[in-house]
Structures are given as C-alpha cells and as structure tokens.
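Below you'll find the structure, written out as structure tokens, and then a few comments.
Chain lettering (A, B and C) follows the sequence in which the chains are written, and residue indices restart at 1 in each chain.
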Amino acid sequence: MGKRNTIGAAVLLALFAGLPPLLHNHYLTGVFIVCAIDGIWAASWDFFSGLTGRENFGQALFIGGGAYAAAFLNGNFGLNPWFSIPAGIAVAVVFALLVGFPTLRLKGPYFALATLASAAIMQQVAINLWQYTGGSEGIYGLDTLIESSLGFYYLVLALMVATVVVLGLIARSRWGTIMRAIKGDETACQAAGINVTFYKIASLAVSAAFAGLGGVLFAHYQQAVTPDDFDVFLSISVIIMAYVGGLGTIWGAACGGILLNLMLELMRGLGEYRLWVYYVILMVVLFFMREGFVAPLWRRLRGGNA
Amino acid sequence: MLTVLIYGAVTSAVLAMLAVGFTLIFGVARILNLAHGAFYAIGAYCAYSFTALLKLPLIVSALLSVAVVAVFGMAMERVLVRPLRRSSLAVLMITLTVALTVEQVLFIAFGSQSKNVPAFVNFPINVHGVSVDGQRLLALAIAVVLIGALWLFIQRTRLGSAILAVSQDPEAAQYMGIPANRIFTIVMGLSAALAGAAGVISGPFLSVRPTMDQTAMITAFSVVIVGGLGSIPGSILAACIIGYSQTIVAFYLNPEWTGTVSLVAILLTLVLRPSGLMGRVVNA
Amino acid sequence: MRRIFPLVTSAVFAGAMAMSMPASAKPILIGLDTPIQHQVGKDTIAAVKMAVDEINAKGGVLGRKLAYVVADEGVDPQLGVSAINKLTSDDHVNVLIGGYSSGVQLAQEPHIARSKTIWLGVGAASPNITALVGKDYDKYKYIFRVNPLNSALQAKQIVDFATHVVKGQLHRDKVAILGESAVWVRGLVPVLVKGLEKNGMKVTYQQLFDESMTDFTPLFARVKDSGARYLLIILSHANSDVFVKQLYEARLPMPYGGIDVKSMTPNFCSRVDGHAVGETTVNFITRAPITKKTIPFWDKFVKENGRAPVYTAPGAYNAVYLYAWAVRKAGTTKADAVIKQLEKADYLGVGGRIKFNKLHDDIDGPGYQNLLFVQWQKDCTRAVVWPKSVATGKIVLPPWVK
C-alpha cells in the first residue's frame, strides 16, 4: 500500500478513534457514528459505480432494504438486533439481484433512471403497505446494538474500516481490474471472453451488501426506520459524498462521507441558511474539483508518484 | 366520459410541457438536466412575485417570468454546464446542486407556505355539458400552442435544422460551421422557457411551494422514460398515456393509486422496452 | 511576607464574593426542537421568545433567568435525532419544547428518554407518541404533550361538531369523508365513522388519497354522486390550497369542513384568492376570548411578529409558562420533581386549562383545551361556530350553495 499511505491511514484512524472519547460528548459521538455510516455507504457506492462507471442512482434501495429488514426482525418480531446484520445484508443482496438483472444491460442515463425509479417504487411500497411497514410514520422503538454510544461508535468505525479494506482489496484484485476494464470498453471485455454480466451483477451485489450493512447500523442507531430511508435524496447524498471524496478510490469516498456529514452538522449555527451554504459549497467543489476533493488533496500532501 | 376525456387532456398537457423540455435538452446535448424542476418552480414563483409583489398585469408577468427562466437556464448552461460537458456525471451533479440551491433560496425568500398565483381565467367554462375550470382549458391550449410552435420551429427554420444537426452529430455539425456550443445554450433556453411556462400556467391550480421542483422532476422522468429519452413525439405520446392513465385510475378505480401509475409505467417500460416508445436503442 | 499578604487578601476577597453571589446565576435553558424553515417552527420560536422575555422581565424562575437555544429538526428523523442529542448532550438544556411531524417525534422518543430530559410536545398529534408512557413509564415518563389534542380526541370532537352543527343546525345527515392517507388519519377515520353513525348520521362515501395528490376533481365527482350533503375533510400535509381551490372550481354543492392544518393559518383564505369562504376548520386558537389570556396573547404576538400565530405558537407559549410554574412548585429543575408537578397540573393556558391524563397527554372537556371550529366567512373573516360556549358567529353555507 506504500509507506506514506499507511502512515496517512494510521493518522486518520487514530484521529477518528481518539477524538470521540476525548470530546466526551454524546451528541458529537452520535454525529461521528452517522459519519462513519455515511462512509460505509459512500464506499459501497464507489466500489460499484466508481469502478465500473455505471452511475447507480438508487443506492437508497439497498440502504432502506437493510434498514427495514432490521426493523421487521427487531421491531415487529422482537428478535435480537444482532440478527439484523445478516438479514439486512441478505435483503440488500436480493434487491441487487432483482434490480440488477433487468437493468444492468442499460446504458448510462437509462441505468441511472432505472435505479432511481426502483428506489422510488420501493419507497412508495413502504408507504402504501402501511399495515406492515407503519406507512409514513415508519417503525420505531428499535433496540440499539450497543448501549454506550462510544461502544456503538467503535463498532461502526471498525465496520467502516473493514468495508474500506475489503472493498479496496477486491478493487485491487483481478476482479477490480475487470470492473475497470468494463468501464473502459465493455464490448472488448466480452470479446475477450469475460463474463461481463456475472461481474456486473456480482459487483452490484457486493456494493448492495455493504450498503445494507450500513442500513442496519443506521436503523439500530436511530432506533427507527421511515420511508425516507429509500428516498432519492439519500441516494444522491451518497453519490455526492463519493464524488467529493474522489471517484474510484473507495477510501476517498469514505472520507467524503465523513467530511460532508460532519460539515452539515457543524453548520447548524447557520440556522436557516445551513443547507443553502452547504449546496453552494458543493457547487463550488463540484465545479472546480472534477477529481473530487479528498483524494487529490492527499495526493498533493503526500507528494511523490501516484 | 367526456369529463375524463377533458381532464385527461389537461393533465397530459401539463405533463407534456414538462417532459418535452427535459427530453429536448437531452436529445440535443445529451444532458440530463436535474435542474429542470427548478425551472418550473422559478417560473411559478416569478409569476407570483410579479403579480402579487410588483403588481404587474397578468400578461406582462407571465411573459416576464418565462423570459427570466429562459435567461436563468441559458446562464446556467453557459457558466456551469459547458465547462463540465465532457463528463455526464459532472453535469448531472452540477445541475443537481443548482436545483437544491434554488429550492433553498425559495425557502428562505418566500417561506414554506404555498403562494397564490392568480389565474388568467377565473370562471368555469361549459364544454358540451361538462363544467371545466377555465384556467385548465387555457393550460391545455397553451401547451398545445407552445409544443406545436416548438415542433414547427425545429422542423421549418434554419435554426431548427441546426439544432437537429447538432443533436445527431455535434462534431460534424461543427465542421459544417454550426456553432454547437451556442446551439446548446439556445436549446437550454428553450427547454427552460417551456418548463417556466408550465409553472406559470399551472401555478393557479397546482401547488406553488419551494418543494414543487421535486414533483415536477419525478413526473418529467416518468414521461421521458416511457416516451424515450430524446424524442419529442415520444414524450407527447407518453404524456398522454400517463396522463390519461392517471385520470382513468382516479375517476374509475381508486384515487389512492394515482401516484403509483407513473412509477408502474416506468417499471414496465424499463423491463419490457427500456428505450421507451420512441427512443433510440440503449443497451450497453 | 509582603508578597503573601495581597495574595491572601485577594483569596479571601474572592472567596467572599463567590459565597455571596447568587448560587444559580446560570440560566434555565430551554431546548427548542422545531423545523426552523417552516412556519410552525418560526412561530414556535417566536412564541417561546415572547414567553421567556415576559417571565424574565418579572424576575425569572427561582432567581434564575430563562434562556433558549434552537435546533432544527426539519421533517427528517435523522436531523431530529441529532437535534435532540445536540440539545441534551451538547447544550445541556433543562427542558425540551417543540415537535411537528409525528414520524420525527416517534424516532426521537428513545433518544429523549435516554437523556432523561422533560419533553413538552407542541405540534405532533399521533396517539402513539404518548402511548409509550403507558407501555414503559420509567423510561418514557419525560414525554408530555401540551398541544395539540391527539387525533383520537380530535375525532371525538369532530363527531360532536357534526352532530350538533351539521345535523343539528344545517339539517344535513349524509356525510362524505375525504382525507390524506397518513397513518394517523387511518386510525382516526374508523373512530369518526363509528361516532357519526352512532349519532344518526350516514357516511355515504369515504376515500383516502396520497398527500402529494394535486387533482381532486374525480374525488369531488364521487362525493357528489354519493348523495352526501356535507363533506368532512382530514388534511395535514396534503395540498390544502389546491384542494380548496379545486373544490371552489367544481362548485361542490355542499358545505365542507374538518381538519385542515394549513387552513389554520390566518392568511390561508387570502392565499387562495378568497376561495376558502365557507370552509370550517378546527383551530386551537383564534382571536376570540376563549380564556382571559387568549386575546392579549394574540394581539401581542401580532404586534411583535407582524403576523398572526399558527397552532404551535400558543402551545409553545403555554409550555414555557407551564414549565416555569412546575419548576417553581417543585423548587428545583430536577426532572423527577418537575414531572411530579406536571402530572398534578391544572394550569390556565392561552387556549384553555391544561391538564394531563395518565399517559401525559393533554385532555379535553369543558374549560380545558378543545377544538375550535372556525369558519371562513365573507371577505375572509373568521367566526367560531362551535363550541357554543365560545362561538362568535353562526355557521353559513358556502356562497354557491343554496
């Protein structure tokens, strides 16, 4: 991974791990928890869309799938919340297979619109089947995974680091190379004998699995799920995080997730103008930094070759 | 029966006005303009501001509002979109942030409560025994006129042919001496003007609030997916199909399901014929 | 020796100062959790400011001044949960006031409970919010609802209105019901229907629709065809302005009314070009002498803010005063002691007396907080048409209905 990268990662990790207990503030710990979950989501999105270049505008489908799975098992059936993790991942993967098969053959904007529509449909289902899903009020009163907020944070932080490491390893393996090749020229890959469909669907499934994991963690942190967990705005936020972090870098996307959520929370002091300022900043970043913000910044700081 | 016919036509007309602009800019410049709903909202809020705050006469407000939106759209294209045009994701993202920013500005400037845009026609009109609100019939008429005018413009004028040429092959058009960049800006202006006009004309009978851009976008999406991205005739056809489906479901079946009609239409289209009714082949 | 003397004197002096300073110069902090971009949020803040300024001018509470800090909950559960955390764990407030969306409120409940901070709700109506107090008292005892009445009580009062006014005064006993498909409405409608039928009325048509609906004409056609002679509506997040405008366009041949949250705002009628004349909607306050405090509150709010208050404002104003009263009675801001006082409270608020039932939910009844049925009449003036004890006018038919 390179000596400088390892040092950078270690410093970052020490910072993330060390700050919350130092600050000793339940609110800030909670903010960090959501930051880490956003990091998981952004990394999961970047793994598929950043590497293959197919923009998935419906990541919320997998996030919400994981979240509602947790809510059903723990909220409706009273099962131990730890069961939610495998359940949420399974549900998200199933969604990925269901959506992936018909839509992955579509080109650019069509794939984006198809994934967006899938999440929107699921949101409508969550609202309409109110007898099971609680409708727009959602399902509330879920148990938390770990009572202490600091403990919960370390769990989420560990899982986020695991996400980045695992996805990073896959990205660096032959699998990742194939994904990048698909981004370059899919027909050539096909001609070279690669089962493109398998790799696309498998990659989407992996992306969904981690998104669903994040969804479960989110559900048990919030202790509630609502149809907002399928919302297009969530999908778009995840894309923005990955974009600002640096497409295709995975660790950059995770940092983007952490950074943007932190920014949003700390800007509460701006009152009514908070979101406006945030979007203007985003506009500036998106316009001037086509490669994102975090990853290029690190490259600059680190110096030397890529 | 006649009621459904007329109401369906009005719904379809407004859907068409939104969708045609969206599909136009995609067809010509390959831009998925996520700020399209914002154009619609700005049109409606301009109409409100000019009439209620500046007390200008209705006709003047309407024309001025459309002009403002057109200029806004062209400025956005020139300043923010053109430099990023090489990356479709970048264009998507920047238009998205424009939409989000506009929504926030509307919240801050006008508050969260809905505003009243006065209607041109304030009385019901009797059409063969069916009483329809005058403003809605006006919306139908204006939609037909504007879309028809756009169609004629593209088919019959030199500028229109230039637009067609650019939409087929921007580089070749450039070699022929057609300034592709300027064409893109003009088309964005037309697209914005249509969306703004939709906002002005339907503001009186729909809801004018800062989040109105979101409903407009979802609607536009469903129509262009079904009709085929980039095809104006496709959008018109799809608008009629979806508009009438919604009206029929509302009148004869269960009004609770009208929201799901457009989503089901999208799902069916993407599974059965992803290129839409009249779009180009889109498999990877 | 020369160095030590000033040191010692200063120390003694400082010590004397510290001991003679009032033990709690620290203000009592109110945490406002409300959607700041929406009118309900802005009015909550304005009302709290009014109450806080008034109480401080009279010397504060237990020798301490009141202060408040605001956190935005938007209409987003995630923002709401972090708002609660910020107010309780970062700002360390003594009490929480606010709320609007039931969905956000329900998500916030375990976090409020965990912080062991009293919550005085002023905006959300779902009965599920206070049901938790019954399910797990020790955990959720901090939750109180000062305003509005929960939706089940609202249903009961609508039945009263329908029986006495729609049937009694207007002699119309066939009713249609239209409402948005939110969970609280689904819970309310069966209660409503049962109550109406028990009082000799017939429900000829009922239909719920999605809150994003913008074309109500088919619904009006069905209502008309069902033979109904009064339309009961239940709208909160739905597009009321469009609904009312389209009802006017369709000239629906019957009077209508019910719950229309957006119509509570005093400028609603003018925002729909006057087309709301004839609509009767429930309100929690209006400029009428419901109690001796109502009109002074209303006029002062209008004077300070240049607009009339929406329904969360009187609730928030009451909440501040109620809390101040409870703290004075308890002699401390410690939550458990204050809760005991709140549970015994019978406090005269701006809209009626405030008293809580076993679930910490505000009760209705003569003298307590009740729904006011207010009708838009000629030139967008408003008249309270029910209950009789506070009525300021008689119900009229919409101008196009004979």
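By definition in this document, contacts are C-beta pairs under 8 Å (C-beta built on N, C-alpha and C of every residue); 3 or more make two chains touch, one makes a residue touch a chain.
These numbers were taken from a predicted model, which means no experiment stands behind them.
Colleague: Out of A-B and B-C, which chain pair has the most contact pairs?
Modeller: A-B
Colleague: Taking each chain's centre as the mean of its CA atoms, which one is farthest from the centre of chain B?
Modeller: Farthest by centroid: C.
Colleague: Any idea how many Å lie between the Cα centroids of chain A and chain C?
Modeller: Chain centroid spacing, chain A to chain C, equals 37 Å.
Colleague: Cα centroid separation between chain A and chain B, in whole Å?
Modeller: Chain centroid spacing, chain A to chain B, equals 32 Å.
Colleague: Measuring centre to centre with CA averages, how many angstrom lie between chain B and chain C?
Modeller: Those two chain centres are 38 Å apart.
Colleague: Mark out which residues of chain B touch at least two other chains, giving numbers and ranges.
Modeller: Chain B, residues with two or more chain partners: 107-108, 256, 259.
Colleague: Which residues of chain A are in contact with two or more other chains?
Modeller: Residue numbers touching two or more other chains: 272.
Colleague: Could you list the positions in chain C whose residues touch two or more of the other chains?
Modeller: As it turns out, chain C has residues touching two or more other chains at 37, 181, 210.
Colleague: For a test of understanding, state which residues of chain B touch chain C in their complex under the given definition.
Modeller: The touching residues are 3, 7, 11, 107-108, 111-116, 118-119, 124, 131, 133, 204-207, 215, 246-247, 250-251, 255-256, 258-259.
Colleague: Quick one: in the complex, what on chain B touches chain A?
Modeller: Residues in contact with chain A: 26, 32, 80, 83-84, 87-90, 92-94, 96-98, 100-101, 104-105, 107-108, 218, 221-222, 225, 229, 256, 259-260, 263-264, 266-267, 270-271, 274-275, 282-284.
Colleague: Would you pull the chain C residues touching chain A in the complex into a rising list?
Modeller: Per the stated touch rule, the residues are 36-37, 70-72, 76-78, 81-82, 85-86, 88-90, 102-103, 106-107, 109-111, 126, 128, 132, 181-184, 186, 210.
Colleague: Going by the contact rule set out above, which residues of chain A touch chain C in the complex?
Modeller: Going through chain A, the ones touching chain C are 25-28, 30-31, 34, 127, 130, 134-138, 140-141, 144, 222-224, 226, 228, 265, 268, 271-272, 274.
Colleague: Which residues, counting only chain C, touch chain B once they are in their complex?
Modeller: 37-39, 181, 207-210, 212-215, 217-219, 221, 239, 241-242, 245-246, 249-251, 262, 265, 267, 270-273
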